[in-house]
Amino acid sequence: MGDPEPGAESSAQLPWYRETAGECAFFEAAWQQGLPLLLKGPTGCGKTRFVAHMAARLGRPLFTVACHDDLTAADLTGRYLLSGGDTQWVDGPLTRAVREGGICYLDEVVEARKDVTVVLHPLTDDRRVLPLERTGEILQAPPEFMLVVSYNPGYQHVLKSLKPSTRQRFAALSFDFPPPEVETEIVAAESGLSKDLCAGLINLARRIRELKGKDLEEGVSTRLLVYCASLVAGGMAMETAARATLIQPLSDDGDVIAALEELLSHSF
Amino acid sequence: MGDPEPGAESSAQLPWYRETAGECAFFEAAWQQGLPLLLKGPTGCGKTRFVAHMAARLGRPLFTVACHDDLTAADLTGRYLLSGGDTQWVDGPLTRAVREGGICYLDEVVEARKDVTVVLHPLTDDRRVLPLERTGEILQAPPEFMLVVSYNPGYQHVLKSLKPSTRQRFAALSFDFPPPEVETEIVAAESGLSKDLCAGLINLARRIRELKGKDLEEGVSTRLLVYCASLVAGGMAMETAARATLIQPLSDDGDVIAALEELLSHSF
Amino acid sequence: MGDPEPGAESSAQLPWYRETAGECAFFEAAWQQGLPLLLKGPTGCGKTRFVAHMAARLGRPLFTVACHDDLTAADLTGRYLLSGGDTQWVDGPLTRAVREGGICYLDEVVEARKDVTVVLHPLTDDRRVLPLERTGEILQAPPEFMLVVSYNPGYQHVLKSLKPSTRQRFAALSFDFPPPEVETEIVAAESGLSKDLCAGLINLARRIRELKGKDLEEGVSTRLLVYCASLVAGGMAMETAARATLIQPLSDDGDVIAALEELLSHSF
Amino acid sequence: MGDPEPGAESSAQLPWYRETAGECAFFEAAWQQGLPLLLKGPTGCGKTRFVAHMAARLGRPLFTVACHDDLTAADLTGRYLLSGGDTQWVDGPLTRAVREGGICYLDEVVEARKDVTVVLHPLTDDRRVLPLERTGEILQAPPEFMLVVSYNPGYQHVLKSLKPSTRQRFAALSFDFPPPEVETEIVAAESGLSKDLCAGLINLARRIRELKGKDLEEGVSTRLLVYCASLVAGGMAMETAARATLIQPLSDDGDVIAALEELLSHSF
Amino acid sequence: MGDPEPGAESSAQLPWYRETAGECAFFEAAWQQGLPLLLKGPTGCGKTRFVAHMAARLGRPLFTVACHDDLTAADLTGRYLLSGGDTQWVDGPLTRAVREGGICYLDEVVEARKDVTVVLHPLTDDRRVLPLERTGEILQAPPEFMLVVSYNPGYQHVLKSLKPSTRQRFAALSFDFPPPEVETEIVAAESGLSKDLCAGLINLARRIRELKGKDLEEGVSTRLLVYCASLVAGGMAMETAARATLIQPLSDDGDVIAALEELLSHSF
Amino acid sequence: MGDPEPGAESSAQLPWYRETAGECAFFEAAWQQGLPLLLKGPTGCGKTRFVAHMAARLGRPLFTVACHDDLTAADLTGRYLLSGGDTQWVDGPLTRAVREGGICYLDEVVEARKDVTVVLHPLTDDRRVLPLERTGEILQAPPEFMLVVSYNPGYQHVLKSLKPSTRQRFAALSFDFPPPEVETEIVAAESGLSKDLCAGLINLARRIRELKGKDLEEGVSTRLLVYCASLVAGGMAMETAARATLIQPLSDDGDVIAALEELLSHSF
């Protein structure tokens, strides 16, 4: 297949990804068997990067959608727009992925509105079709098409969760933060900071993550570690950078911030 | 009747279905008497496949709709679309089923919005009509038309249920997972994995299903067993495949997952 | 008056109805006095059939609307539709009934949205007018026009009920299931099954209805008895037919279903 | 002023009204002083008839709106409608009343949506203007214009009530059912039934109304008494007519209905 | 500046206003400094009149909006309307006030929807701009422009209040009913009734206002006193007028009304 | 880069800003590293001014949006408007900031609706893209583009907060009111009042702020101090100005206002 149409994310160069537990092989097997995939794991641990990496590795265009409370089926499938007094159908990202045999990635899928299920169900059973009711089309997904969804099981969603009738349509992988050596390697590669300094950051991150579920809703992400390392690599003092990237984004509670400052003061 | 119009699901080849309790004969009798049918049963036990099988067997086009919170009557009956400055009526799947003498299958009908009842009621009493208020038509359903709805009584729908005045318009069948020998046969036929290995999977599934209502909202579906068997048939290790298809899709709770891993470790 | 326009339900042939308590005479007197009528009673006891019978007997076209949560005044009165760049008014069923001197029957009127009252009030006092605000018309209802509404007082509608200011605009009749001999006659006439077998069904129905308010939200309807008798008349075993029409449609609770099965096993 | 435009309710003939406490003189004084008027009182006690009577007596066109949950300011003031590709403004009933110097009567005003206050406030202070924001007009109400609103203080509106800032813009009259002799006269005049029989009905009504606030949400209205008397005047038995007009419309509770039947059995 | 455009309220003649505590000088100073102003005080104590007076005194056109639950930013700023197949922008009252250097008065601003803050914030800090996102304009408010908002702190708004980030953008004045001598003067001037009779009314009003917070949600307003005095000046008996203007508008509670009647009976 | 297009806020002259803790250097470093920035702090402490200052210092056009309950993604990205029968896309402020390499500042971002996250997420990870689904474009943000958001952690938002998956995409700075000497300097510079008088005001403000969390939801802002000083510089008595700017805007509670008056009476 040629270049993806404008609108698809470029997958020409392979995004750097560090595998930790055979997830690349599993993704490829699920793609070959035509199985939809569910990724579970905390914020900023690399799920989005993993999907981008696999899309490039498999040579498929990638369509990513960050789901939210108001995302409807039409946002995924497409809608009619007025043009010159007439209406013209414009494909949504899911429809484009089906037509082009690409990978559609719905990030935090539990946030989407419920009418999204109407398009996911026929795509995730043996029919593998996408009905476009407004146009009367029923698209047959090609073998190259794959649907990937993700969510963070660490949140407490009283009202929001995937119904079993939806969940049980996906094979599922559980993600977590990488082991320290791997995370050190990742942060150093992304920021250009020395591995030694990065190792100190990862050590601090591990101690912060132990507070999750006690004082913190969520531990510090790999992404924030890269932020911090980038600012230090750009000349900022470690403490200034860490305060703005590893402490202030995590909490607004004075006591929690004081505890994190305490951790920081013993770290470097 | 000739080929169904584009938009109907093809029913040219008979989808494989393994009958367990005379449900095929009952479906045919209800169809002959012009009675609407309600299917009750857990996720992924084969209700959708059963309807597809019967539609093909009776030579009727099938129109399937996965219901959801925002599904309205207009999504079923049709709506006007702007075209060249004028408006043009486009039939919805229910209207098409009535016009073509097909079978309309509303999956998880309790999820639909309440205005759906306005179209179901006159179709499910002795009038058997579909009023299209926007066009002023009142369609008389031909004898070949049949309405089938389903839902999963295992969910706790505090706010969502079929009103008695709607329920009592349907004959009803209760579905459950097939007996072990039958389910083994089904999984082997769908995945290409040997019956021996499939029997082990079905055995594991039965032990998982015993946890339903205790630790699990829903037991593992036949569909997930087919996923697992397909990955193993494609060369994946049993444990890797089972973890991703029979454990991770069922729960996000650490203790529950540990219990399922324990079951898995004693299974193969 | 000539044939009703297409869109009205045909009332050319008199639908069969078995009177039980002088309700036909009362309906005719209310119609002659120009009084709106409220029918109260359980699901499937024959209210809709009664109205169809009376409309035919009085030679009036009938317009039936099954009300629901999202039914608005515009669904009853009409709306403008785009046509060729211009807008064209299309009468709703209530407007048509007023224009044609017909009978408008709003089934389960408590389910409708509150703006429906704006059109019912001026039609149900001494003005007997239907204001169409969008077109600027105020239609004077002819003497032949009659408004009939119904609801099921057995439901618990915490938020939904007719306001006294609306209720007190209607004369009201209370319906219940017919006496056994009459119901036997009805089921035999509708299904073609012998009166003897029907009498057994009615006996079972009476024992099921005694559970209403205890285990069942609603007793079994005459309609379901007709379903059962039709399947048996078509050759199905009594127990199979009764399970699918008199038990499964009533409940999803395992204990309740077992109790109903017990009743069934002692019935034939 | 000439004939009201089509759309206004005809006030050519004076509707019969029996004054009980100087309310006609008060209405006329308020109209002369340009004061808006609030009528409080139970369902069916004659508020609507009173306004119709006064409008005819003062020779003003009357515009009545039954308010409800979804009534918006645009329903009162008007809106643009598409016509021949262009939009055309269509006045609502309040705007028409202002333009034509008529009386606008908003029945059960507390049911209307809150944006209605935006048009009532400038009409009910010393400005007496109606701003039409969509057209950019600010209409000055002529001296003949009068705004009348009503509601039933007997209901329990937890969420719905007139804000003091709105209430305190109206002079207010409290209505109740007329005294027995007057009500007898009214019912006889409206139904054609003899005063003797009517007096028995009024006597029964008084005993029913004593149950209000105990078993009944609202006592029986004068309107229902007229219904009953009309049916009896048309030949129906008193007990049959009273059951359908004075008992069944008031309650669905078996015990309450039995108590009312008891009252009825001792009345004639 | 010339005459205001049609749509602005005429401020040609100076509305009569009786100053009580230097509020006129404060308003003028705030206007000169370009500060937005918040008026707090009970219903009908003269806030609206005060703003009208000051607008006329400063020679600025006045745009008043009564806020409510459904008032949106577009109601204030303007919107596109279809006209001849094209869309045309129509300024809302706030935009007009900015363009014409007028005074925009938002009465009961806490009732408006939250998107109103998006237009108030940039107008109430040092930028003094009104961004019209739909047209792409950013209007710079001229020095003559002033924003005035009001609300009644006596209400209990659990869900509705001005956020501190909005409140702290306004200078604020607290209003109350005028002292007895001043209120007597006001009522006499507005109604034409003698000061002696007015003094008796003001005396009654003071005793009624003492019940606020105990039996009454809000004390009687100056506006209602003017209503009463006008009816008496027009020939109505004092007791009749007072009952309809000072008692019935305040409460629907029988006990409270009896207490007010008691106060009334001792007053004249 | 040349002049910003009309619609962007002019940043030609450098707005005066008094740095207190190295925040200017941090902002510039984050901008150079392409990191999005979150500002936390109380109302009116200078966050908006800080962003305006930095935008001017870096020579970037600034696009400020005050977020609210109803702000949607389309308000930020743009929408189609009808024009001459055709639709034309109009960029929203975020899209303009991306296209022009400017700074987009979302004030009180937690107030925005959840679909805003769909546009923020891809802009705040390594992709730095803005997908415009309606036009099919995916804009690559240039290095000069920066996203800044703010909120006030002092409010109690039970339902509103940034999800960790969003928070952890930002570096964060915590703001508070400036130290007394600095705030004195700011107020004097903005109002033209002498530093001596301003110092008295700042002293009063500090004592008022100590009541925050006890009697006051929020302490007095620097902005209100400037209001007060401006009125005094314009000739108003200190007590009159302070009452209207430092007391009345803070509370409607009589006891709290009395306490503030007490503080005021001891201050000058």
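Per-chain numbering from 1; labels A, B, C, D, E and F assigned in written order.
Just so it is clear, contacts are C-beta pairs under 8 Å (C-beta built on N, C-alpha and C of every residue); 3 or more make two chains touch, one makes a residue touch a chain.
Quantities reported herein were computed from a predicted structural model and do not represent experimental measurements.
The fewest steps needed to get from chain B to chain F, moving only between touching chains, is 2. For the pair chain A and chain E, chains touching both partners: F. Rotation angle for the C-alpha superposition of chain A on chain B: 60 degrees, rounded in steps of 5. At the chain E-chain F interface, residue numbers used by both copies make up under half of all numbers present, so the two copies contact each other through mostly different positions. Look at where the CA atoms of chain C average out and do the same for chain D: the two points lie 30 Å apart. Chain B and chain D have Cα centroids lying 52 Å from one another. With touch defined as above, residues shared between interfaces to two or more other chains in chain D number as follows: 82, 85.
In terms of inter-chain touching, the protein chains here make up one closed cycle, each touching precisely two others.
Contact residues on chain A toward chain B in their complex (touch as defined above): 22, 26, 29-30, 32-33, 35, 38, 40, 72, 80, 82, 85-87, 113-118, 121-122, 125, 127, 129, 133-134, 136-138, 153, 163-165, 167-174. Chain D contributes residues 6-7, 9, 43-44, 48-49, 64-71, 75, 81-85, 90, 92-93, 107-108, 111, 152, 155, 217-218, 220-221, 223-224, 227, 230-231, 234-236, 240, 244-245, 248-250, 252 to its touches with chain C in the complex.
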